[in-house]
């Protein structure tokens, strides 16, 4: 069997190397040893069992939120405010998770996740409905809904859903029957995320719905001529994107947080955008990127503690990787034929 | 290409707002003046940030990196002002940083034809990472831009107090700059070219307009405005740099740009409307409305924006070529 | 190719522009001898904020350093990058692995992780800042360090009640969470008390909260615009409390002649120097002193665990010492004694 490495596959690898090289200069400029920092990054993020667990657990959440954005992008929708959907899904999940007693785990957990997804879908779907029927752009509506959901969630956490015995604003603990068990210490959320990625991939490759959404995303007029209901596709696209975001919020609560405090979830929706773009809106291609970023994130604290470098170096590296992976610089240098793929087509009015 | 595409709902909304304004002005002049002025204060940074988006998108380049541009500019502006002990130098450096940042954005989107949303995202996380990584506490600036009243205009009845008193120079500059951008966009040759390039780059090219050049320049003008806003917040409004000070306003500005239909005056009106809703929600808290939880009062501006858009049922249409990089057709 | 090179240079020089702001964390203390008998090694785990936040993370870190200095120990910090129990747990584990014997966790978000870690590492003393413990469920090696923010707010409000000319006072604050609520309502009650003492009926002090969201404590423009709105309606003493949001308010008030502002948490005369023209005092909770105090107790062997309260008060008047009438200063000193001794209640639950 011949093993031929495509030049295209080299692009992301070279991008990471280039980013690390520039990062090294910045680290050295602050008087630290880049080698030391990168050693910590690899050891803490990928070598130790605990590190790998943390990495995959983070990667799972990144994959899911990336899928939420991806689903929208493929249908020509930029769900920039997925954060609001994540929050509402997470709080709905938590509520079912602590309020409903006496169910076995195989009913309680899926049921709570479903409710979480449903609430995410409600928020996302509302934005889709506004776009389809009233022409309200999803970038406006989801950004506004972000702030509205943040306020609603804050109100509920401080009042109806609050754990009264604590002076701090938080919900009661989610029952064990709604917590995600680890299988042999392996983060289950990661497995679920990969399965979800495969399913989303299948939807776009094989199913009629996926084909219709893709067509609407690529060319709305062509879709219209082909007899595809553009309005229905818009609502559906936002509905499912929101459902995945809400599901992500639920999964994060089930696997990691165990109760709800709004601050736990900050940044999940926006991370999804970065991941989706890094994977060029391809459901399967976002997986390696998510693992890589998950690893960097889980090593972040150790970098500061053991190498004395500000953990913000990780965000810098992330930006540089995204830059090199998408700018045609590297692709040209190693003579790859990979075109700079366009994932979004403008505002997709 | 209608410039004033006023619909009935817009007319009604304007009349209703004017009526409310006049009524409350008569009922309580001081508070009305205060709320309108506050609406301006909330709205101006957003309006200027929306101009960044308009400059770029009218020529066909989507810019979601406004947030990052502001963040980087505020950062360099503040530290240079602190180092040179000169806020004028600081502001100039902020503007220059905006131009440099947008140059990188322009290279990515126009020259390398990268996905424009990705390019903006790169600017945002790069800015957030750089400013946090290099942040150093303890720096101060000698003084921030002062606030003052404009001599004659400030005494005008009705609008004088609300618009021309107790604001800083950059706030007043915005009142000049935004109409100037509108004039540039609709009354000059450059504006005509810009819009042509944003709507139909192919024909513009055929007519002898350099698509690349027009886009590069517009994006960089946008960057200069973005630098101005960053400097505005750090050197005038607040007087210091704090991490992530932009607090999502770059994204809100994007929404307001769309709300204002990519028209400078429209976006300005949208931003002021948004600012007014914000000032009103503050005023309700000042009035001591306690039977409504504060979370529901503070979400007013956002609900208001969605409701206005949903009721108006305005199909917004972005510049046709926004988001698409231009490939010269091979003849 | 050439053009891309130029842009690459541009990107890098943009990075270099930040050269004026040199290295971040200079405080790397040698912790190689931790674990030897008698040596106190203190690890601080911040919540999602940085140790340079000019607020409670910074104060806790400074307190740890002061405490370490006093007992001849070592202090280090880790900044958390995600607000989850898993992240906090990992960061605590990093210190534990290096045989640190005192761990300080900052903020109520870390409460659960701290309780769990205290049970896991019985030999390590834990100090949880802003964490009110359910002492029936915690181990004796954990102390929850809290403050009566309402007392600090009350004293500041009392001063405000004597400094206001119009009788109109207000508070521009961050998110409506318990410590913020206690500060703000304590302030309002203090103003009212001073009013009654002078035989005047002041309108109730106005509290303006930030809308919920990730940016509630980092929105200086919001603080500035809201303060300006209050100022223009004749409010002449304003309590601006809430991280960057409050700092924006302070800076704006400083630009209007004849108005007073009050800072929060630490003496903001030093942390927000641009507020000096208006800053009559700051409502303080002595986080640093409280932390250092607990560390001294560990060294002396008198650390007891459970809920402990640190001191509160107001910061020095600095240049306003000559502008605040001596009679008022005497009254404030008297009321401070009454409040701190508990003989006068703040009326905040």
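First chain written, first letter: the chains are A, B and C, and each begins at residue 1.
Here is the rule we go by: a contact is a pair of C-beta atoms (placed from the backbone, for glycine too) under 8 Å apart; a residue touches a chain by one contact, two chains touch by 3 or more.
Keep in mind that what you see is a predicted model, and the values were worked out from it rather than measured.
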Hey, what chains does chain A share as contacts with chain B?
C
So which has more C-beta pairs touching, A-C or B-C?
B-C
Chain centre separation (chain A, chain B; CA means) in Å:
29
Calculate how many whole Å lie between the centre of chain A and the centre of chain C, each centre taken as the average of the chain's C-alpha atoms.
33
Each of the following residues of chain A touches two or more other chains, namely 26, 147, 151, 154-155, 158, 310, 314, 323, 327-329
For chain C, give me the residues that contact two or more of the other chains.
4, 11, 15, 22-24, 176, 211-214
Check each residue of chain B and list the ones that touch at least two other chains.
108, 112, 130, 132-133, 295, 298-299
Seen from chain C, its contact residues with chain A in the complex are 1, 4, 8, 11-12, 15, 19, 22-25, 28, 48, 76, 78-87, 90-91, 93-95, 108-109, 111-112, 131-132, 134, 175-178, 211-214
Residue numbers on chain B that touch chain A, as the complex places them:
62, 64, 108, 112-119, 121-122, 125-126, 128-130, 132-133, 251-252, 254-255, 258-259, 293, 295-296, 298-299, 302-303, 305-306, 309-310, 313-318, 321-325
Show me the residue ranges of chain A that touch chain B in the complex, using the header's touch definition.
26, 78, 80, 130, 134-137, 139-141, 143-145, 147-148, 151-152, 154-155, 158-159, 273-274, 277, 310, 312-320, 322-323, 326-329, 340-347, 349
Within the complex, chain C is touched by chain B residues 30-31, 33-35, 37-38, 41-42, 45, 72, 75-76, 79-80, 83, 97, 100-101, 103-104, 107-108, 111-112, 130-137, 139-141, 143-144, 146-147, 166, 233, 237-240, 242-245, 247-249, 278-279, 281-283, 285-286, 288, 294-295, 298-299
Chain A residues within the chain C interface of the complex
22, 26, 29-31, 50, 54, 57-58, 146-147, 150-151, 153-155, 158, 165-169, 256-259, 261-264, 266-267, 297-298, 300-302, 304-306, 308, 310-311, 314, 323, 327-329, 332
